[in-house]
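So that you can tell them apart, the chains are marked A, B, C and D in the order they are listed, and the count of residues begins at 1 in each.
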Amino acid sequence: MSTPDAVRPLKYVDALREAVEQEMDRDPSVFVFGLDVDDHKCIQGSTRGLLQKFGSDRVFTTPLSEDAMTGVAIGAAMAGMRPIHVHIRMDFMLLCMNQLVNIAAKASYMWGGQVKVPLVVRSMIGKSWGQGAQHSQGLHSMFMHVPGLKVAAPSNAHDAKGCMIAAIRDDNPVVFMEHRLLYGTETDVPAAPFAVEPGKARLCTRGDDVTVVGISNMVQEAIRAAELLAEAGVQAEVIDPIWLKPLDIATIVESARRTRRLLVVDNGWEMCGASAEIVAGVLEAAGPEAGIRVQRMGFAATTCPTSPWLEAEFYPNPGTIAAAAWKLARPDAEPWVPSPERTRLAYQVQFKGPF
Amino acid sequence: MSTPDAVRPLKYVDALREAVEQEMDRDPSVFVFGLDVDDHKCIQGSTRGLLQKFGSDRVFTTPLSEDAMTGVAIGAAMAGMRPIHVHIRMDFMLLCMNQLVNIAAKASYMWGGQVKVPLVVRSMIGKSWGQGAQHSQGLHSMFMHVPGLKVAAPSNAHDAKGCMIAAIRDDNPVVFMEHRLLYGTETDVPAAPFAVEPGKARLCTRGDDVTVVGISNMVQEAIRAAELLAEAGVQAEVIDPIWLKPLDIATIVESARRTRRLLVVDNGWEMCGASAEIVAGVLEAAGPEAGIRVQRMGFAATTCPTSPWLEAEFYPNPGTIAAAAWKLARPDAEPWVPSPERTRLAYQVQFKGPF
Amino acid sequence: MTETSLSPADVSRLYRSLRRIRRFEEVTAEIYPSDRIKSPVHLAIGQEQVSAAICDVLGAGDWVGGSYRSHAMYLAKGGSMPAMMAEMFGKDTGCCRGKGGSMHVIDAAAGVMGSSAVVSTQIPVAAGYALAAKRARAGHVVAVFFGDGASEEGCFYETLNFAALHALPLLFVCENNGYAIHEPIARRRARPDEICSVAEALGVPAWRIDDGDVFAIRQTADEAVRRMRKGGGPALIEAKVYRWREHVGPNEDYDQGYRFADEVVPWKRTDQVERLAAMVEPALRTRIDAEVEAEIAEAVRFAEDSPIPQPKEVWSDVYA
Amino acid sequence: MTETSLSPADVSRLYRSLRRIRRFEEVTAEIYPSDRIKSPVHLAIGQEQVSAAICDVLGAGDWVGGSYRSHAMYLAKGGSMPAMMAEMFGKDTGCCRGKGGSMHVIDAAAGVMGSSAVVSTQIPVAAGYALAAKRARAGHVVAVFFGDGASEEGCFYETLNFAALHALPLLFVCENNGYAIHEPIARRRARPDEICSVAEALGVPAWRIDDGDVFAIRQTADEAVRRMRKGGGPALIEAKVYRWREHVGPNEDYDQGYRFADEVVPWKRTDQVERLAAMVEPALRTRIDAEVEAEIAEAVRFAEDSPIPQPKEVWSDVYA
């Protein structure tokens, strides 16, 4: 039996599951639905056991009807329930943009505060093993753009649990962005329920040479890059915003003022992306007198290809992140690129498709 | 009879209509469809006469089925036709995000260059007289975000015609963003067909004190602001990107390097918006040594309210734009705000709803 | 038109509901040219009977939802008239505090879940309310109102299937006025007469009332709702009606060429407001009419006298 | 199973098509554990007859489109086998030049319009091709393949209505294998047996073939397509089939608990590949089988020997 303040290593996927289970225990109005949440694969394990424990009234699959199911979630939320609607890929949320943007985001406002929409929309980002064009998109910036929505993008098991609990308790629609390649990663996670609320970014590493903001799994890749950079004598400060909306820009501004170099590495495209927002937000706040040099990195400005040789060009990785950070920090030195073997991430070595 | 190089004043709405008519004349594969394109109101006049001239095979309404109709447009385009799909409000495009982002934008790439999607999606932005939450959104940044799409946002009749012709001739999906309040505005427009291609922003006014980028109808409001600023002794350089994707960032960088102040005024929200992109793009390119101070303006970070008294707080206007530009250009002077009567735009005085 | 077995009290209650809606909208149309209402208004004049009949069999704890054309539904379900008028005037006392206008009316206390201006979006949202109602097991039901055009959107079909699958207490109410804006249904639907068949094929029992008879609609709804309260699952009612005014705005538009005045003739002949007026005892009718006029005048006065929203209110209610 | 009036040549052609698809996928499944195919594969083993039958009545100038489970359709319509195998290997010679993988196969020259991995998205796209075909007036038709799950998406219904309204030459082909991933149709559809009724209510004549009989499917398609070529408008064929392997990946999954091996028994007993094999004259059958094996071996060799894409190719074809 674990004591209430016990902490143990937990996988990201199990942290998600545990958060939902604890909240369902606490609050009977919480329910989970979406395609395949109740089959034996349980959304890669993230809904495992919930059906058995809470029954099919509170854990159920749906027809393939993302648009209407989102409306159903919104209506149930307005009526006082707390739905968690699950998409196994973020790409499929493009089918429910109308409900999310035209109704969920606007309900409280356009109806004069008479209703609220306590809704969590879980979505997973795929990567590699041929996920390709339509199973790999990080679309968070589209949701960040819209007032009335919140967006969480936890990059480790601890925050996965804490953000999920905060999202479920939030009275507003929260787009919850997970990453498939993070599911197997472990960190220490408190056993008791706890909330990681919006508004406070995390300093993952400390350094005075360059600020590196990572988003979603790019946090892990940035941390690996920071290790490589440290070996080369550059101290990178890696920041994880955790919540993208509302965004704790102040922490990033503070760091960037000190390092005078800002690299934002997104798990998405750059144009009008989260990286554009962070760069613009920092420089608007800090002004030219802060003398901050900035750079964005993200998906190549292309569709995601399936061939592994092409995919390697599509994503930032610890090697390209480290090289870019080096160039920002040491503009006058020779370019430096870590050796390819050193840049592979642990989870990339372990992982094998299909998924 | 007008000679081929004749230029005459034309309204924005008629420029749109003329462009489509000329292209339909030239190329039998061009057709126009969408809700209400063939009724007596003709999308506020912008499709007037097309049904009579080209018949119902080439000009026809649809069921209320935006998602499938977008798929139909994409398929017809892949099969060699050149559809123009019309939405009377940009907000309704949220129903077709899946087809636009998951298919139209990706078709050429994910199918290895075997197909192309020469599609134009016309959409109008509404404003005032109670348009409110769901009839007023400028969602261009969502489309700018996605590789494979192009985005045009002409702010005057000349560019409306030229961009429309370029968009129809383009072999890629183009999101064409119009603004209802611009429909009645006139400029000189060549009678003969001509194309305003992507990639070249327009300098609308010249000035060395501050660069003001306007988007869509905010160009007109920025030009009015520049007039007010000129009276107060500040010379603003107003730039109209015309095409938002691909975006001619070089012209903006050049101007901002000179003025060392950049104000971007968008007809949309700021977070992850076109204004974030332009600010980030300029500062990434120019670096801290250029010493550029930046500011974004756009919709208030709220849903659009209907009450005119609230709506006045929601949109930038020539007064707020001029005041912000003044503050950028004269950081040490007293704040200055033009008098409210002087800031009203001609079209705002003329216009009366509903529409 | 059918005979009715309703009591005189029932008939006069229905009459009051119809008359209130009709007059509220007529007064709205009269005010409109003065430009005090800066909001697109979509009037239901001529098709009030659907809301009046359906809401007559609903009660406290039941919900209704609908489209931009929702004045009738709102009033029939008991939504506050002054709050709706103030909303159209853009005042701080409006039901949305000036943030929704005519297209987004809501009165949560009265069970009006809010109306939405993107066609058909409230259909699945209503199913969400119905899911909550089912889980709450208190026998409450939800009715969602939409037009013939809305029945062409994918989420209508998706919701029919889901509602049937989960036996939700959801009444789909299709107000088929034959037009979506100016486009007749035959230009939009291959089988204009088969909306009910589609519902049935997806598992939702459906009924069509062709003549706009308020009693027939009420009777059908009454049976459907009774069944629903006992767990019988969803139903659909398609009521053919006719819109007398233009799609949006206060005027008639028979001179615009897309339809002709003779189309409305049979509908005016069977106008349900007039029909029921004739069934109500004259003195009572006079009293009802006077009360309705007074209520409307009071709502207009309230709207006019109400304060405008403070500028800072643009920032409130973005988040709950 | 029906008798067939097809000639021996027709039967052996159909047999070759079935056998090619079956063996291509079996070989794919064999290669899969070697990790040379880094792409999710959705095998159609057990349900090849739908593609084989439908494509047998299509010709040059006709188009087909489908989902992530499209190897069968692609091969049956004449798509290049080496190009598809190379695509699964991620090679530069792949049909998408390594940008699509197994889920996005295309061969424009053969009339394969490309398959899409977002369920049901190709249904309206196929209608767009059909609109173009109708305008071109050359009597060409389009067939779109999708699963039972896809029939729950809004755009399926929207497209049925549009296709009927415009009398498009579009054949809707629903391969109903009773599951969407692991969810049986009864958990997703209130009226699992009424897909055809929905189509009919929307104006699209529909036929269901329950037993997987390749001749019955072909016969129905033949009649529908003939009518269609003359302007008769769309049709829908719902073919009940059974997926023998797991939803995605090379293996069987009867031990996973969501379905049991006895479900497949009747389908294996009536396996159309075996059935037609028995109808083909043995020497010819031996020759066909050998040719098929050689073709597949050659496709694998081609895929293996092909160059990998150059890094710079990540940037090509973003825009046409």
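The definition used in the following text is that a contact is a pair of C-beta atoms (placed from the backbone, for glycine too) under 8 Å apart; a residue touches a chain by one contact, two chains touch by 3 or more.
Computed from a predicted model, the values in this text were never measured in an experiment.
J.: Does the complex stay in one piece without chain A, or which separate groups appear?
T.: Remove chain A in thought and everything remains one piece.
J.: Taking the mean of the C-alpha atoms as each chain's centre, how many Å separate chain B from chain C?
T.: 36
J.: What whole-Å value do you get for the distance between chain A and chain C if each is reduced to the mean of its CA atoms?
T.: Roughly 42 Å, centre to centre.
J.: Based only on mean CA positions, could you tell me how far chain C sits from chain D in angstrom?
T.: Here the centre of chain D sits 46 Å away from the centre of chain C.
J.: Mind pulling the chain B residues that touch 2 or more other chains?
T.: Answer for chain B, listing residues that touch two or more other chains: 62-63, 65, 67-68, 91-92, 94-95, 98, 102, 109-110, 132-134, 147-148, 301-303, 305.
J.: Show the residues in chain C shared as contacts by 2 or more other chains, in ascending order.
T.: In chain C, residues 94, 96, 98-100, 104, 116, 118, 152-155, 158, 161, 165, 187-189, 318 touch at least two other chains, as defined above.
J.: What's the contact topology between the chains, one of line, ring, star, complete, other?
T.: complete
J.: Under the definition above, what is the set of chain B residues touching chain C in their complex?
T.: Listed in rising order, the residues of chain B that touch chain C are 35-36, 39-41, 61-68, 91-92, 94-95, 128-135, 300-303, 305-310, 312-314, 352-355.
J.: Report the residues of chain D in contact with chain B in the complex, numbered from low to high.
T.: Where chain D meets chain B, its residues are 63, 65, 94-100, 104, 106-108, 113-114, 116, 118, 121-133, 135, 154-155, 158-159, 161-162, 165, 316-320.
J.: Along chain B, where are the residues that touch chain A in the complex?
T.: Of all residues in chain B, those touching chain A are 67, 91-92, 94-95, 97-98, 101-102, 105-106, 109-110, 132-134, 137, 141-142, 144-148, 245, 247, 260, 268-269, 271-277, 279-281, 283-284, 287-288, 290-296, 301-303, 305.
J.: Within their complex, state which residues of chain C touch chain D.
T.: It is residues 152-158, 161, 164-165, 187-191, 194, 197-198, 200-204 of chain C that touch chain D.
J.: Tell me, which parts of chain C touch chain B in their complex?
T.: Its residues touching chain B are 35, 38-41, 90-91, 94, 96, 98-104, 116-120, 149-150, 152-154, 180-183, 187-189, 248-249, 256-258, 308-309, 311, 313-315, 318.
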